[in-house]
Amino acid sequence: MGLPLRILRRVGVFVASLLGASLLIFLVTKALPGDVAQVILGTDATPEAVATLRSQLGLDQPLAVQYFSWLGGLLTGDFGHSHLSGDPVLGLLAPRIAVTMWLVLIGLVGSILLAIPAGMIAALKRRSWAGTLVSVSAQIGIAIPVFWGGILAVVVFAVWLRWLPANGYVPLLTNPAQWALHLILPGLTLAGVQAAVLTRYVRSAFLEVLNEDYYRTARSVGWTPMRALLRHGLRNAAISLVTVVGLQLSSVLVGAIVVETVFSLPGLGSLLLDAVAQRDLFVVQGTVMFLVVAVLTISALVDLSYLLIDPRQRTTAGGQR
Amino acid sequence: MSLLEISDLGIEFGRRRVRALDGISFTIEPGQRLGLIGESGSGKTVTALAVMGLLPPNAVVSGSIRLAGDELLGLDEGELAKRRGKLVSMVFQEPMTALDPTMRVGRQVAEVLRLHTGTESGPARERVVAMLADVGLDDPQRVADAFPHQLSGGQRQRAILAMALINSPELVICDEPTTALDVTVQAMVLQKLDQALTASGAACLFITHDLAVVSQVCDQVMVMLDGRIVEAGSVEKLFTNPEHPYTRGLVATARLDQVPPGQRLPVVEDFYSGGHR
Amino acid sequence: MTEPVYRAEALTRSFTTGGRTVRALAGVDLELARGGRLGIVGESGSGKSTLVRLLAGLDRPTSGTVWFEGKPISTLPERELGFLRASVQLVFQDPRSSLNPRMRVGQIITEPLRSKLVRRQLPADVDHQERLAEVLTAVDLPLDAADRFPHEFSGGQRQRIAIARALAPKPEVLIADEPVSALDVSVRAQVLNLLTDLVASAGLTLIVVSHDLMVVRHLCDQLAVMRAGQIVEAGPAESVYTDPQQDYTKALLAAVPRIRSTGPLTPPRG
Amino acid sequence: MKRAQLITGLILVGAVIVAALISLAWTPFDPIRVVPGQRLQGPGWPHLLGTDGFGIDIFSRLLVGARTTLIVGIISVGIAAVIGVPLGMLAGQVGGWLDQLVMRVSDVVYAFPALLLAILLASVFGASTLTAMVAIGVASIPAFARVARAGTLQVVASDFVLAARGAGTSRWGIAVRHVAPNIAPVVGVQASVGFATAILAEAALSYLGLGTPRPTPTWGNMLRDAQQYLFVAPLQAVWPGLAIAVAVLGFNLLGDGLRDYLDPRLREVP
Amino acid sequence: SGSVVPSPTAPEHTLTVAATLEPAALDPWHNTAASIPQVLLYNVYETLVKVNSEGELKPLLAQTWTVSTDRLTYTFVLNPAAKFASGKPVDAAAVVANIERMKSDPKLIETLRAQLAVIAGAKVIDEHQVAITLTHPSVMWLYDMSSSLGMILDPSFTGDLANATAGSGPYYVKAHDKGQDIVLAKSDSYWGTPARYDDVTFRYIADPNAQNAAMLSGDLDVISNLQAPDSLPQFADPSRFTVTKGTTNGEVVLGLNHKSKALANLKVRQALTAAIDRRALLDTVWNGEGTLIGSMAVPTDPWYEDLSGLNPYDPAKAKQLLAEAGYAKGLTLRMRVPVVPYAVKSAQFVASQLRDVGVTVKVEELDFTRWLSEVFTNGDYDMTIVAHVEARDLGKFANPNYYWHYGSAEFAELYRQADEAADDQAVAKMKLAVRYLADDCAAIWLFALPNLVVTKNTVDGVPANATTLSFDLTTIASR
């Protein structure tokens, strides 16, 4: 199958997934208890007022109609309005996307930068104390709940040492230095925990490479173990790691939601939790939809990135193996 | 001085010290082609890896391996790496997996050249293409630009051969280089190997379990059984007048063509019933 | 004329993977009489295994038909293939992967007897334990082997277990796909001897696939040479072997490595 | 080294199980009865690990917490396995559009991180252990389906399944006798890892206030409640934190140990 | 938000105050959230009169006021200097316009509408004098005028309240970063004593522990009300922090649903009250901070008296009362509480103690919105715990439709008489009403929330008591 066709197919799957996800989200949020109109109008509203608002919001229409008008809105960038503040949902999302994005980015990139060398050491030196130390630390790192790690980091670096702010956020454009300072702890917390998870994968990916004949070939033509692993292992391990990182994404996102709570960051996670607590239906729908779209988009991109890393995927010949 | 001098080489594995090699000794002179045959698990690959210094870390090695006069055992990784690919190189059994699937073949071969000689990439490419042609690849330019998966098994095995020969090593170790190939392809690869070795004058340790194959490449053969060398000598002598009963059995079973169809074939147990499974 | 056991006409089989279509079989005609021993040779990828799978009813042709004892089997649904399953049994190349590592040898061997399709074709009074003992003896394995797991056996022994399984439902046809390719030279002869004996004593019809002409010549009386999904040459084994008509067959024969020696062979000593 | 992992994992997991079993029959003190005069005592006698902000014995709560933790793990892994494994097997064995459908749906569920699902469910049905378990379980279905599918594909492609088909074994028989036992180990590994994930997810949900409501002790809500005493009685937070870490570590080590133990390739890494 | 490295030059020109709940919008007329007046009242919008830290009414926009003898007409004399941020004067017309605007607003929140109901009309006497007439005499209404109800908005203002310069107070709303903070800025044209700070940031941190961490790390200047009293020892260092302790209007009420069969029985209510050791509860749940109260009044109320000893802890008596009421074999009650620290912790304590007298309590934790719809609106509960933070709110018990469904006509009458009483009798009559509630065990009053303000020790002038919902910045200064 030609490359364009494969890309097209992947895009088709992506669109189908989006539809499936949107249906799921719509149905689940529909099951939220408490009448939305009642919630908006408050506790003392008259039944007539509630009924009027219900029809204004289209809540009295058949589910299918509600779903398609919601979907249509999404496509045109209309995510609805917050019941509580009356703000458009997209307007609420926009400033928060940046916060979560930075967090996820730092978490993802940081964890990769930490995990690759750590995983290599753990694989290559697995028989010596250095490798064992790395492996054991990774195992312990995984076993520590994210929020607990975050709280410990706050206690040590913010409360005891007072090097860094304990929580809060400053937008990049307002004050770049403060922005960076406020993101260090949450970013490192997230990256640290994810790195622990990733290290295990990196380790086993590299262990697999160590098992491969081509690694032995590389050694036999004169590469030292470390250089053989760098030259021939990295790229091959990357193929399996790309999948893992793609799958990690949703767990990084979850981590980000928790970390946002620990560090009181005004990101999508805290927006979502607040909206759920306040029964702000459209905000919940919009936020979850946005997060899911982000995950699906990135996993689609990850799939396509195989085509770049793995030459076996690139050519039309399916390979003769 | 012999090129390779192995004496009393013993190898044990793991904490339980499973014995894989039991004090073997042999020598290879410059330019000599020595065959090593034996059934699966008899220790052929382990012998080869010991010479390359590529044994797994859980192997305990005793005895002595001298290559071009230098003792290899106890040498540090850097010193060994310098010799690998330059003085001694190896061709492995599985052509499908022995090449890095993510790197173009030409570059993989060129890297070996540049690693040891520091050749610039331009001239290196020329040498690589020439070498690929030498091992009998018809379209060396295309092969050089291909990824391993775009080549057939025979082409890949020849590319690996090119990698092994490009620095004109003194010794080439081939570990069952044709076992995974079709008969027709096998014949071609063996022929090219023969030509290339003749051209470069390199010595060769040729490992196989196929007596017919060994008889086509080598003049001298050793028979290995359960980590020991039970018999050694010229190919001619081994096939016409094998001494050890195991060798006799091996030779008898190999000659399928000498038994009329449908009749009972001789088996190794007819000759030798000790030791192995 | 008696009805041939197997008849195949214009068999083709294409595979589509990743949008690419491979013609594994491109029009194969075939006929095999009862008691015949057919050898199929050819280079890797020439379609030997594909052909054999179609004959065994384990795969369906893209076009063309296979008749077994006069019945077309290519279109029958799986549940009506009981007669075929009971009469045709298979032995595969790699004894490591053809035996379920998590079943005991006894279970493995009696599996055909217990399977729903075959059970109905067998006489009702078949005693599984008795039959198990019979076939174990036939392949020269100790009776206590039944209680052990495959990994406790050597390659040659495992291949015998596979043969025992194939013999259990007393088949008429035995199909062996590269039965000795994965075995050591020293064990290969044993398995070949066993096959020769069994085929002779039970009067089995045999189909053997191999890329080794010697093996095929030793076991079979008919030969089919395959290339690129087609049978390029067929005929009595000896005549194909000694007097090949096609260049491809000649090349195959020439490529077989031979021991480079002329001396006399040492006679077997007891 | 590999064994060490497995054994350490077994010991840690065993400790958690023993704690949970003991708590069924006996705890040193009432795990929910508030004792106003005894707040925030340090470790000692009779309160081995001290008391919490309500004057309740921490050790007793930890024991009961082990039970809740295990139940959360068992139910959520159970949900995931009971739904995911058959789906994966079905996808792997039937293939085609069904496979595509199952895998695409599982992709979509995968895009719903467990926590997001839990947040949604908790808001619909209220925060409770049950919703947490269901959310974690549902979110882990894809992982099990994938593992089962990959295992099934591998098994189905193996020669012994072909041999079984040749022996007339039905699809169901193949699923039960061949596929299930052979994918059991990988599913076991996944279950072990799933347990660890479930424990962490429950803790995170408790932290966000979406987990098990008080007064039922879980390690997660103990940890959450301990936060306010971080500077007054830091040990409060150490015990449940340690318990979580030990359990997660135990299950992960068990999973890794099993994987390494079952994967012969990794066992022989040079 | 705050700075990590505080600039060494004192005094500071900015102040960062941590608060717990963030208002979704800044419109107090259409949103009930108590977090709106916390920021806006007295700081951005001013009222005619103001309640000080001791609970006394003081002049603000009105210099003086007089009450007619029938106590139905109040005449306010406005401070002639008072002017809005726009420069327009705060005159009688503006006051009248505000009252009329609210009266004609169909979407006005119910609390304000109820408070507004007592006002018959308002009229301009001259530029600086305005007269407001009531439908019946009321002690409470002037207090109400010191809260959100009395906030005077610039009638000419037409912009977005989120960036509002529509008040007459010392600060205006500079920015509201949703999810983070609200920034108030000094109003340069303020008519009174100028604001102490250029910028005041209300930073919203929901988690009390996170607030503490931010304070300890030096990122905050003030924690407006500490929600985790167990953490007080962290702020013991006098060289860094000052802790101001006082009272609030927040009565933590264990609400009883009088529609529930068992709870309609006085003996059961008495039994439940006697079964809970409220001193121990306060010690356990709120680290002993706060005040024990026995009824719906707090120490800053003029009619407050300590009634906490009225129905003391006595589990034996509780069991006996339950037996007398016919529940010797036990009783099961549903306690549905909102997820806020004091409620959740109290619930656990109460459940444990009631279990000791044979009452099984099933605790459910609901997020606040759900609590509002299911407990507060639908009355689907037996017991609940929530703090009533509004000032002088015992009148709630007079409304039989309020979520307790407390239908005592006697109390309603006592309350009405007290509210309409003359000034010299009002306090005594209120005391009667308050005591009636306690005797009837209309609810169980666990304690009154303390006002615990933690400040950097450079900050001074924090009022001890929170007598209104406002976090009043006008007295705060830096040393």
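Couple of notes before you dig in:
We just call them A, B, C, D and E in the order they show up, numbering each chain from 1.
Assume contacts are C-beta pairs under 8 Å (C-beta built on N, C-alpha and C of every residue); 3 or more make two chains touch, one makes a residue touch a chain.
It should be emphasised that the depicted structure is a prediction, and the values quoted were computed from it without experimental measurement.
Note on interfaces A-B and D-E: more C-beta pairs are in contact across A-B.
In terms of the distance between Cα centroids, subunit C is separated most widely from E.
For subunit B, the chain with the farthest CA centroid is E. With centres set at the average Cα position, the gap from subunit A to subunit C is 53 Å. Look at where the CA atoms of subunit B average out and do the same for subunit E: the two points lie 88 Å apart.
A separation of 45 Å divides the Cα centre of subunit D from that of subunit E. If you average the Cα atoms of subunit C and of subunit D, the two centres end up 47 Å apart. Chain contacts: subunit B has residues 54, 57, 153 touching two or more partner chains.
Of all residues in subunit C, none touches 2 or more other chains. Of all residues in subunit E, those touching 2 or more other chains are 209, 367, 370, listed in ascending order. Put simply, subunit E touches subunit A in their complex at residues 1-4, 24-25, 31-32, 109-110, 177-180, 203-207, 209-210, 213-214, 216-219, 367-370, 372-374, 376-377. Residues 53, 56, 58, 78, 81-82, 85-86, 88-90, 92-94, 97-103, 111-112, 115-119, 162, 165, 169 of subunit C touch subunit D in their complex. Listed in rising order, the residues of subunit D touching subunit C in the complex are 158-160, 162-170, 173, 177-178, 181-182. Subunit A makes touch with subunit B in their complex at residues 127, 212-214, 216-225, 231-232, 235-236, 239, 309-312, 315, 317, 319-321. Across the complex, subunit E meets subunit D through its residues 208-209, 228, 230-231, 233-234, 277, 280-281, 283-284, 339, 344-345, 347-349, 351-353, 355-356, 363-367, 370.
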